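Below, chain A partners chain B and then partners chain C, in two separate complexes.
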Partner chain A sequence: MEYLLSILVLCSLYVMLSSSFNLIIGYGGLVSVAHPIFFAIGAYVAALSAIHFGLPAVPAVLLGGAVAIVASAAISLPSLRVSGDYLLITSIGFQLGLLQIIKNLEITGGPGGLSNVPGTITGALRSPAFAAISVLLAAATVLLIRWLMRGPYGRAITAMRDDELAFTALGRNATHIKIVIFALGSGMAGIAGGIYAFFYQYISPEQFEILQSALILTMVVVGGISTTWGPVVGAVLLLALPQAITFIHMPPNVAGGLQGVLYTLLVLIFMFARPQGIVSAPRTQL
Partner chain B sequence: MSAVVQIDGLSKRFGGIVVADDIELTMKRGEILGLIGPNGAGKTTLFNLISGVVTPDAGTILLNGEAIRNVKLFRRARMGVARTWQNMRLFSSMSVLDNLLVAPRSYPGESVLQVIFAPGAVRRHEDEMRARAHAILTRMSLAALANRPVTDLPFGRQKLIGLARALMNDGDCLLLDEPMAGVEGEAYETMKTVVRQEAAGGRAVCVVEHNVSFVKDLCTSAIFMANGRIIERGSVADLLASSTLAELYFGS
Partner chain C sequence: MLDPIILLQIAWTGIAISSYYVLFTIAFSLALKVMQLWNFAQAGLMALAFYAMFFALNRLALPLPLGIAFGVAVTVIAAVALEVFGLRTLRARRSGNLTFFIFTLIVAEFVAYLLMMIFGTEPQTLFPSILSQVHIVMNIAVSNWDLIAVGTTLACVTALWAFLRFHQDGQFMLAVAENASLAELYGISAKRAYLVTMTIVAIISCAGMYLFGSRSGVFPTTPLELLLVAVIATLLGGMGRVFAAGVAAVALGLIQSFSVLFISSQWQTLVLYAFLFVTIIFFPLGFRLPLWLRKAFKPAA
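Up next, the complex of A and B:
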């Protein structure tokens, strides 16, 4: 039961990550690889403010999200004002650079990370409580994005992705919209990071490596890019699959390699058989 | 009649090529100005300079007396510069109605804060714009197609939708880039009627067009351009009778 609940927490957090990344890369058409670092910013800010300033969990998590939003503006403001292409380059530098700093600072615990994050909730109900909070937050993330995309804001985003020049010439501020989408998506990743830190009570830089963005991107693509439910399906599938493998008893050195092979195989199969993902986007929003 | 757009000494070069050379022109309320000339004359570039897609090297552009040379593209649209594109540039994954709904000068729905904290105001604006879009589509006999994906429609209809989208901007300046290219039959008549109505309604209209009979029927005056320069200006009849024009257009 404990094991299943912890998987439920992890699934919910990855649903938040994949849905918010879908907002950025799918709906917004903004190519970035820095999603794991915003997850990390949320986790480290929440953990550090709880450890050093005794901040309660709720404001600590919110602060993590807020810092992620501010950090996102630091890279999107300069790069999106020039052209969208610069975002990819800046995001690579930001992801690698900031993680390197985290690995080397004393306050973040260096490569060993932070292992003294307060537990917040204690007792037998700890895991069920975290599971409930995570599921609710994941649902809120998915529904908020769905609600935004179905209204006038979503219409503007879709038009911008279809033809940015025509969109701008109609009087719409494309740069502003991109910066906001990037901030929203990054803030959601930051919130997920805060929950992650409080639940596991241990965070280390290797959990936020750039390879994580390949995993999140795979979730989005396999599930169905630019759809509400695609990233949800993708996240659950890609997290459940390796867990399922662990039930088949085989030597760990074989199982570890098999996971990587499975991810790659999955992406290859989808590229050829169903490039639109499991959940396909409607051709027209009516 | 007051000048809506007043251009003076406008110049632009791309590398060694002069695409706009000391352009001077005035667009007035109620007038339909025809812009004619061979391909590469700089007609579309002139539209790009007026609407703000391209920044000029020199010269002034006044919109209702206000200098807009350094005003950004999206702000010029909000100030009332509406335009269409030669190749339409419709939003291909969206319906006809949604194409129109993103086009008004003010669009509170593009701000997340307004969407979340002032949903009532956003909804009222949306309802208003939906009504305006339906009125425009009805004028063009396209109301029945409002919910169809734009890419499902034939070329002539898509051209009309390009115009309809520009008309969602109720500003004073309307720039139409080859509205008639590839348009025939019923759509042709609709286009003509609507453009005439818009001018009569008080807009200053400028049309880039190769279709001579359309220019003759519609335009109150015309400008002939070649190599980024204005060669001649005057009434459409005078221009069409000019020998310089025939020479530049068809070769001597």
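Up next, the complex of A and C:
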């Protein structure tokens, strides 16, 4: 039961991550892959504020989200100057650079990470409580994005993505939209990071590496980019399927590799057999 | 005041270390020039090259030339398969840049995970010992590895330059790089140019991984980290300027080496990422000398 609840928490957090990433890359068309770094910022800020300042969990998680929003400027501001491939490479540089800083600072625990994050909720209800909070937040994230994209602001986002030149020629402010999309998406990732830190009570830089970027990107692509439910399906599928491997008794290094092989293979199969993803958007063409 | 010998030693070590950076960079930059592709799958080819050579030399106990030939053969086959079954299909579908990016990155990861399963996560080197005989030349320590690295790199760069300049396939690759549709109108096969490009990328990647793997331990994920230096150098050199990117790779190697004088070694990698960030924001078309300086150095007609 404990194991299943732990998977439920993880799935919910990844639903938050993939949905918020879909807002940036799918709906906004802003090609950045640095999403895990905002997850990391949320996790580290929440954990450090709880460890060093004794901040309770809720304000600590909110602070993590707020810092992630502020940090999103590091990607949203370059996105005003460069786009496409250049923005993508910038985001990789930002992510790896910040991870390098985290790895080398004493306060963040260096490469070993932080293992003394306070438990917050204790006892038998710990996992069910975290599962409930995570599921609620994941649902709120998905519904918030759905509501946003169905409204006038969502139509403006789509218009900007489809033709930025025409959009600005009509007097609309693309700069504002880009900053808002990055801030919203990163803030959600930051909050997910905070909950992750308090639930697992251990965070390390390697949990937020470039492979995480690929995992979240994969969830969005396999599920269906620019759709509300696609990232949800992608996150659940890509987290649940490899868990089956854990029931087969294998050496850890083989099991880890096999999980990776499974999910990358799944992506490759989807890219060629069903490029629009499991849930396809009306006009998606990959 | 710093001792000039120390400075020269750092400069030489920087040049020697930059040799494999140069190889990875020119391979990456060539694919970007000819195929307009940010080929992150090159990391997968690099990993495959290393582990194929490692397998041939350590498990099959083949002699060195055969081991290298085995590595080259495996990498070239993988590169051709990648082009024929993957990239060609995506091109035919007119897929967007994001799809190509995801595809190449996922291929690199797939290879890394596969190798992790087969060879484990412990670092491996091509030879049991990575120590190399050292000679003292004008008070500077020069190892055999340094000489092999610099020599191999110079040979590869010269061969690539000669191939692009004098061989028909090389000239066709440049024509396709300029305008693939127009080149095809003139009877040049873009498909063949892409295949040749991928073959060259595979061979150069193999040479680079031989140098790296004979000096440092390699994990299945190491090539992805190495490739980022190639990305930075490609951006610094300017897209489409293969040999300028190679020079930028040497500059990065030197900057990384000289940075030990000012910052501790643990922060050296951060210097590279800072360069990447600044380059893209301020020099998205690559770093060029100011016009007046270029004119000053331009030979009289």
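As a working rule, the second predicted complex is superposed on the first by the 267 of 286 C-alpha atoms of A that agree within 3 Å, B and C clash if a C-alpha of one lies under 4 Å from a C-alpha of the other, contacts with A are read in each partner's own complex, and residues count from 1 in each chain.
Here, a residue touches a chain if its C-beta (ideal position, glycine included) is under 8 Å from a C-beta of that chain, and two chains touch if they have at least 3 such contacts.
Note that the coordinates shown come from a computational prediction; the quantities given were computed from them, not determined experimentally.
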More chain A residues in contact [chain B versus chain C]: C
Which superposed partner A:240 touches (first chain B, second chain C, both, neither): neither
Contacts of A:125 with chain B and chain C, given as first, second, both or neither: neither
Which superposed partner A:265 touches (first chain B, second chain C, both, neither): second
First, second, both or neither for A:163, with chain B first and chain C second: first
Touched partner set for A:218, first chain B, second chain C, both or neither: second
First (chain B), second (chain C), both or neither touched by A:148: first
Which superposed partner A:94 touches (first chain B, second chain C, both, neither): second
Common interface residues of chain A - those touching chain B in one complex and chain C in the other: 285-286
Footprint of chain A on chain C - complex, ascending: 38, 89-90, 93, 95-99, 101-103, 105-107, 109-110, 112-114, 116-118, 120-121, 221, 224, 228, 231-232, 235, 266-267, 269-270, 273-274, 276-277, 280-281, 284
Of all residues in chain A, those that touch chain C in their complex: 25, 31, 78, 81-82, 84-86, 88-90, 92-94, 96-97, 100-101, 104, 210-211, 214, 217-218, 221, 253-254, 256-261, 264-265, 267-268, 271-272, 275, 285-286
Chain B-facing residues of chain A, complex: 148, 151-153, 155-156, 158-159, 161-163, 165-174, 176-177, 180, 184, 283-286
Residue ranges of chain B in contact with chain A within the complex: 51-53, 73-75, 77-78, 83, 85, 89-95, 98-99, 101-110, 112, 115, 122, 126, 147, 149, 165, 168-169
